[in-house]
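The next part holds the structures, each set out as structure tokens.
The two complexes that follow have chain A in common; it is paired with chain B in the first and with chain C in the second.
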Partner chain A sequence: MYYKIFDKEDWINGLHKIEGYKVFVPVKENYYHIFLPIDKDITPDFSFHNTKLSPKSIIYPQSERMFEFVVDPEQPDAYVLKEVPKEFPSQAVVGIRPCDAHAFQIVKVNFDNPEYKDPWWTKRYEATTFIGLGCNRPRSTCFCSKVGGGPFNEKGLDAIMYDLGDRFLIKVITDKGGDFIGGIKGGKDPQDRDIKEAESIKEEAEKEINSNININMNLQELAEKPILAVFDAPIWDKVSFPCINCGICTYLCPTCWCFDIQDEVYKKNGDRIRNWDSCMFPIFTLHGSGHNPRAEKFRRVRQRFMHKLKYYVEKYGDGVQCSGCGRCVRYCPTNMDIREICNIMAK
Partner chain B sequence: MQNPYLPYPVRIEEIIVETDDKSLRTFRLRFLRPEHEKAFKYLPGQFAELSVAGKGEVPIGIASSPTEEGYLLFTINKVGLVTSHLHNMKEGDIIGIRGPLGNTYPWERMQGKDVVIIGGGFAFTTLRSSIIYMLHPENRPKFKKIIVVYGARRPGLLLYKEELWEWEKRDDMEMHITVDGTDDPDWKYNVGFVPTITEQKIKSADNAIAIVCGPPIMIKFTQPVLEKIGFPPENIILSLEMRMKCGIGMCGRCNIGHKFVCKDGPVFSLAELQQLPPEY
Partner chain C sequence: MPIEKRRLHIQELIQRCIRCYACRNVCPLCYCPTCFVDERIPWLGKSIDPTDTLTFHILRAFHCAGRCTDCGACERVCPMAIPVRIFTKKLNKEAFDIFSWEAGLSLDQKPLLTAYKKDDYDDFL
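Now for the complex of A and B:
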């Protein structure tokens, strides 16, 4: 662990010039920020709260070509699925918020476990360096500190940036982070007072997020209740009432990982494609027979919150499946709030 | 590590129409490459994803037994996009297979015990696999009595008829074939619903394990019968179905509580299911 300090201009110039990485940076596009690969026409904007879309698609694209095949019986190997050749060059996500980096750690247990490894997720993840940007001013919808994170939490990060006004102080956490920072010119060793300034910014941010009354979540009480007690509690009709099953929460969520697999054919060539899916949609669980274990809306809403706050906890024993980014709270068209629902479940 | 989503190519060697309404057909599949056949090591109770290029995949229980070497059997009900397409395919056509997936019936626990097999309708596929497996001369001594209750709505809807008649004649197992009803005057077997026949024929739960596969309504009414005979919930074994995509516990749709039917199941004891939300 060591520090480097950069003038902001040098840092941005360095990101443009670094070799050997595809560098994703936050960019303002219309009204919202989004992570895009840097090039000469793209100016990173680090004065953002967070991107509207989570950066999950950098590791886990919304659509992934898995296999290709030929449906012409005259061709050799007709109907035999072949892996699509893919490269996984080194890439870096610079300016990722700590909640979103933590989210990749939460998702990792699904795609990378002792029995099965998802080849595309794991290869992209391994090829990626995560350079975080601590949050000086958490927002009213932020609750990372309640779910095992924090505005300057380092889980899943290779280095973290502290915004000191006209400069970035970079704390290098892993060798992977060191390799990336070493490739950016203009870095200096910081003074003690720079590190002190960063520490006080961090303390202030932590104080601010923890003083937000909206983030009280009775996670401990909820953890102690048996799954069936919460599942059968007479709360779900009321909890799910406002939901319109639009799926925006699952779409924006950095820890939602569910997917669908579909075949697409054009003329004689076909692809097997994996697409993001959502537990909010009835077809997600519809059997061929017509039977549907989650046919009603309240069952689907219950599934989403039970998965995040109970099933995941039970399965992996390491916290909830939520990194507290607050996107679902912010963008839900009917103002559903996972923090409130957590407390209803815990009662 | 092998890409867990990549199917092995297989050739359809034979298609057998099982039922008189033609809605169930058994497909005999042979691997194109011997190394794939070698890698596909399974036990009764497991399933596989059958893959049709351009249509998609379906999770289907393996109907053959590992003691039947050189091929795999799958009995497929014509239901949706992929299964309807499969029903229109011909011998010689190429499809894919991914697996084996899921857990098995509890073979270790069943050793030295009576095995009661209760099946209904077309949910007899992994039960056929189990019977063939247990009757293999190497395996038969490992189990005590083998008792089978198998029913369908009418005689024409029974699967694997030739084998059923053969099993009826054997003296090292007890067969109770039944139909809900029939107008065939020559019908030699039982008439009655599976739960009723189970109650009449199964006398003891001592040192016995029951495996039950069938439509939800049959399971619902067989369960109290088994409990009455004296089977504790941990000795009642069920196999579940769910909509699936990945088959390896990643795509997120086949969960019951914190368990995935594809990876933690499809085989669960009633005792295990009683701990989980009733959402299946």
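Now for the complex of A and C:
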């Protein structure tokens, strides 16, 4: 663990020039920021709260061609599924917020465990270096510190950037982080006062987020309440009323992972594709038989919050399936708030 | 805008669409019991293929033709700031130009696409 300090201009020039990585940076587009691969025409912009879409798609693309096949009975390999050949070049996500980096660790149990290893997720995750950007000013919708994270938390990060105004102080955490930072010219050893300044920024940020009354989630009480008591509680009709069953919360969420597999065939060639799916969509649980166990909205909404705040907790024993990024709170069109719903569930 | 440039322009506008269907779900006129995107006959794929996304926006606009009152909820709700009303307003304009029709102004009028008048524009026949 060591520090390097960069002038912001040197840092950004270095990101353009570094070799051996596909570098993703936050870019301002329209009215928001998103992560895009750096290019000569792309200017990174690190003055943002958080990107609209989480960087989830860098490891887990929204649509992924898994297999290909031919449907021509004349061919000897007709109908045989063949894995689509792919490359997993080294990549780096620079400027990822600690909540989003923590989210990849939360999701990892699903795609990389003793029983099952998703070939694409695991290879892409291993090929990625995460250079985080700590949050000097958490927002009203941020609650990372409540769910096992924090504005300068290092979970899931190979290095973390402290924004000191005109310079970035980088704390290198892992060897992977060191390799990336080493590839950027202009890095100097910081002085003690730089490190002290960074520490005080971190303390201020942690104080700010913890003083936000909206983040008082009764997670402990919810964890102690029996699953069926929460499932059968007569709260769900009222809680689910505002939901319009779109996929905004799901698709913006860095910890949501559900998907749908579809075959698309054109003439004699077909692809088996994995697409993001949302448990909020009415036909998410539609069976081939025509039966739909979650046809009614309250069942779907209940499913989302039970999964995030109860099922995941009981299955993996390491906290909720949420990193507190607050995107769902901010962008839900009907203002549903997971922090509020958590407390209703915990009562 | 010249026709050759329109497709490229529209593809750029919907480039960030994540197919969350918030625009459809919030629309007061999207009340089909089974939306065309969810039908078993695949009118369009479920991936974020740009052509499929284009199909979704254009087909939804056409389905709302003659019924859209430009409430703007679709555009307001889009998380990716896509100007969804570009499509619906175009259809509203066509309805007005061709049939002098504005939806939602009177409870007594029969909806545009359910009523036929002998002097309706039919140059395309």
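To be clear about the criterion, the second predicted complex is superposed on the first by the 347 of 347 C-alpha atoms of A that agree within 3 Å, B and C clash if a C-alpha of one lies under 4 Å from a C-alpha of the other, contacts with A are read in each partner's own complex, and residues count from 1 in each chain.
The rule is simple: a residue touches a chain if its C-beta (ideal position, glycine included) is under 8 Å from a C-beta of that chain, and two chains touch if they have at least 3 such contacts.
Keep in mind that what you see is a predicted model, and the values were worked out from it rather than measured.
> Based on the superposed arrangement, let me know which partner A:Glu126 touches: chain B (first), chain C (second), both, or neither?
It touches nothing on chain B or chain C.
> Once the structures are superposed on A, label A:Tyr331 by its partner contacts, choosing first (chain B), second (chain C), both or neither.
After superposition on chain A, A:Tyr331 lies in contact with chain C alone.
> Examine A:Asp260 and indicate which partner it touches, taking first as chain B and second as chain C; both and neither are also allowed.
both
> Would you check which partner chain A:Phe69 touches, where first means chain B only, second means chain C only, and both and neither mean what they say?
A:Phe69 sits against chain B, while chain C stays out of touch.
> Given the touch rule stated above, what does A:Glu296 touch, chain B (first), chain C (second), both, or neither?
Neither partner.
> Please determine whether it is chain B or chain C that touches the greater number of chain A residues.
B
> Per the contact definition in the header, classify A:Tyr79: touching chain B only (first), chain C only (second), both, or neither.
The answer is first: A:Tyr79 touches chain B but not chain C.
> A:Glu204 contacts which: chain B (first), chain C (second), both, neither?
Neither partner.
> Which positions of chain A sit in both the chain B and the chain C interface?
Dual-contact residues (chain A): 260, 262.
> Flag every residue of chain A that touches chain C in the complex, lowest number first.
Going through chain A, the ones touching chain C are 29-32, 34, 52-53, 62-63, 244-248, 250-252, 260, 262, 264, 273, 275, 278, 281-283, 331, 333.
> Please output the residues of chain B touching chain A within their complex, sorted ascending.
Touch list, chain B to chain A: 1, 3-7, 9, 32, 51-58, 79-80, 83, 93-96, 216, 241-243, 245-246, 248-258, 263, 275-277, 279-280.
> Considering the complex alone, what residue numbers of chain A touch chain B?
Residues of chain A touching chain B: 66-67, 69, 71, 78-81, 83, 110-111, 113, 115-119, 227-228, 231-232, 257-263, 265, 270, 272, 277, 279, 284-289, 291, 293-294, 299, 303, 306-307, 310-312, 314-315.
> In the complex formed with chain A, which residues of chain C make contact?
That would be residues 16, 18-22, 24-26, 38, 42, 45-49, 76-77, 79-81 of chain C.
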